[in-house]
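Here come two complexes built around chain A, the first alongside chain B, the second alongside chain C.
What follows is the complex of A and B.
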């Protein structure tokens, strides 16, 4: 049972992040090596900003954000217990704030490199993401740095079913994100993103502004990924910057996208499922595996190595992933094709 | 006689190489203008500079009387200049139909992707695309990925995409290279018909096919315009010399 919960939680969170990366990378061809940054922004929105907003409303003041967040949690949790609607309001505001800040961050961080070729873009995004990660991790001002901050339990009213309820909410968000990315990618907009990935000169010749398109894709992608960061923080009741590493929130999502099939949202969901299953399996049996293989290092390194090798194998032997990308055949196209083929057969 | 596109002492250097050397051309409205010249004479560079893909080092480009020098390519395209590429640039993983649809002007794509209001446009775009594909005899390949087309088919795809746009000036870089003569004539006849609505600037080596469709000719060599006029330009000693030395 616990495994099922763990699977559902991580499937939901990673589905959101991987689908957002698929929009950026799978469709638009933006190698966003700074994906972890957007997730971190979501966490900062909750732990750093929402906490301060709540402190302001409740007239709480402390010397630093760490003790401030504990006071906020105490008072806000009590308030939510007596008024569940308040919890839902805080929850929805946090998600909205995270997606807005995510979008803004996505735009700001792609701006310096938006004119660069794809490989330089990748490196620049990676570098920016690392800098923000390190600053957030070492500065105690933002989200408590090494110590982290507490976060109120917005669903504390659901008592014993709190985690189950929260995981269902996360799955609901994953579904909404899937619905949203499918909607915008199976449209002329999705086709233009793919065209940008294939050949920028062609798209320029067709009258499209590459820079604006990249910014739009980055804004949407970061807004979505930021929601995952907020959900994760609200679920785990704290924010510690060191949880938002590039391995877990950039490299792993890339692996899921490539494994499932870049440019195919269903495929990406499959990639997330396979990955999360493998990760839970590895975590469950890490001591057994370390003992069995007589590893001279910790099991976590074994996990990194294994996923690294998996990434290599996918790129080398099955670069299109489990599910191949499909052409965007919209309903209007199908209708016209049907009409034409009907006319020919008569 | 109205002028749709005009260059004024347009120059472009690659290191020490003068790829365009004070080029002055005036492309007439509702006419088919041809640029010829040996390989490496600067024809493609002229197209790239006029359409914003290369930055001019000096000189000016005017379109419809407006200065468009060094404007970015997408803006120039939006103003109504559509260009094709000499070396076909397919959107490889997209189908033939999708390659054409990308060139249709949908307008506000992101907003409509969210509110779903693109469906009527998509329908119009698809109808238009199929008419063009039928004309180019590519319709049976509509759902094939562009990466699976032959060289000749890719040239046709270039033309098909450009025809999807409502352009004022259609610039085609060797549009019928590698295309069979019958279809090549059909394409050029189509240009002839479209002449009422738009203007054409063609670069083409296959003079036997293209000459009877052209209204005016510029001859380029070493980045310079060395002659201009009608078919008599080919009797100009400068032109004869250039072509002889290019062949020898």
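What follows is the complex of A and C.
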């Protein structure tokens, strides 16, 4: 049962991040090597900003954000217990705040390299994300650095069913994101993004502005990924900067997208499921694996090597992923296809 | 004292940037694992120190060679098969990101393995106690300055005075034409990966004299490496050197002066300076400093006449 819970939790969170990455990389062709940044922004908006807003409302003041957050948690939890609506309001406003800030961060962080080639883009996005991560991790003023901050339990009223309820909410968000991304990618905007991935020059020639398209894609993608960061923080009841590493929130989402099939949202969900299953399996049996293979080191290093090698194998043997990208059938195209197939049959 | 640290850091950064640029020009993939290449070198020299009590300075030739072997292996086993399949730049970049993770896993595992056989903690280490001093200056200052000078002299002789160097430059600038002229471009690529790996390992051998090394150090220094290479101009070897000194000195000196103004806590944020310089460069002169038309004869002589159309 516990395994099922943790599978559902991580599937939901990673599905949101991987789908947002699929929009940016799979559709728009932006190699966002700084995906972790958007997730971190979501966590900051909960742990760093929402906490301060709540403290302001309740008139709490402390010397530092760490003790501030624990006082906020105490008072706000009591208030939510007596008034569940408050918890839902805080939850929804945290998510809104996270997605807004995520969108803003997405725009700001793509600006320096928005005009440049893909390799410059990738390098710059990685560098920005890495530096923000380091600063958040060292500085104790933003979200408490490596000490971390506490977060109020917005669903504390659901008592013993709190975790189940929360995981269902996360899955609901994952479904909404899937629905949203699927709609976007089947819209004219989604087709323009695909066209940009395939050939920027042709798109420029037909009068589209590549810079604006890239900024839009980054803004939407970051806004979505931010939601995952906020949900993760609200669920785990704390924000510790060191849990938003490049490996966990940039590399693994890339692995899921490529494993499932870049440009195919259903494929990405399959990729997420396979990855999360493998990761939970590795975490659960880490002692058995270490003992069985007689590894003279901790399982985490083994996990890194394994997923790194898996990425290489995917890229080499199955670069299109489990599910291949499918063409989008719009009404006019369907007509043409119908005509051709009809002509063949006759 | 602070200048000394800045110079050592810049020297080491220059070695890493030269390697990154070499492989970028010949294989057109930015190597995200360059930082881990260096950390590999650090752990190799730690191994020689712990197991055979060989001083890190004495292990330099072996570590240099091992780094080169790592570079060749990475190219032949990982990148070349993908290039042959016609993988795009983005796919190759993701591959080097995966490689970085594999190396991180390997180095982390190796550090624990080393701890188990030597009985000494090996996850974190520093070589400063093993360094010598001369006239009050640290030994690593002399060693690193000597080595980077040697590398620069070696490269300029190799690239501009030998037939092999001409072939190498030709395959960097126009691989198709070079191939038509009968140059084995593949051999040149392997050679550039050898040099890249070995320069990185060399830098990693000296890095523990300046800062503490952990398995994840590579992912922290990669920001400075990329910043320096792009600021100087990622298509140009001279640019790599110029960028390395610019980033190295500004990271060290600017943070030092800022810490005098705002307090010691600023010292942690030296990478922010790299990032600001990198962003400014990308906005103002995305081709890097050496590609800016300064109308200086000195600079135009340095420019290696690279080609952007690729």
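The definition used in the following text is that the second predicted complex is superposed on the first by the 331 of 346 C-alpha atoms of A that agree within 3 Å, B and C clash if a C-alpha of one lies under 4 Å from a C-alpha of the other, contacts with A are read in each partner's own complex, and residues count from 1 in each chain.
As a working rule, a contact is a pair of C-beta atoms (placed from the backbone, for glycine too) under 8 Å apart; a residue touches a chain by one contact, two chains touch by 3 or more.
Treat the numbers as computed from the prediction; the structure is a model and nothing was measured.
Residue by residue along chain A, chain B and chain C are tallied for touches, and C comes out ahead. When both complexes are overlaid on chain A, the residue A:242 reaches neither chain B nor chain C. By the document's definition of touching, of the two partners only chain C reaches A:123; chain B does not. By the touch criterion defined above, A:331 reaches chain B but does not reach chain C.
By the touch criterion stated above, A:258 is placed in contact with chain C alone, chain B being left untouched.
When the two complexes are laid over each other on chain A, chain A has no residue in contact with both chain B and chain C.
Of all the residues in chain C, the ones that touch chain A in their complex are 29-30, 32, 78, 81-82, 85, 87, 89-91, 93-95, 97-102, 104-106, 108-110, 112-113, 116, 219-220, 222-223, 226-227, 230, 265, 268-269, 271-272, 274-275, 278-279, 282-283, 286.
Across the interface of their complex, chain A is touched by residues 51-53, 72-74, 77-78, 82-83, 85, 89-95, 97-98, 101-106, 109-110, 112-114, 116, 118-123, 125-127, 130, 142-143, 145, 161, 165 of chain B. The part of chain A that touches chain C in the complex is made up of residues 25, 29, 31, 33, 112-113, 115-116, 118-120, 122-124, 126-128, 130-131, 134-135, 138-139, 246-247, 251, 254, 258, 295-298, 300-309, 311-312, 315-316, 319.
Of all the residues in chain A, the ones that touch chain B in their complex are 183-184, 187-192, 194-195, 198-199, 201-210, 216, 263, 325, 327-333, 335-337, 340.
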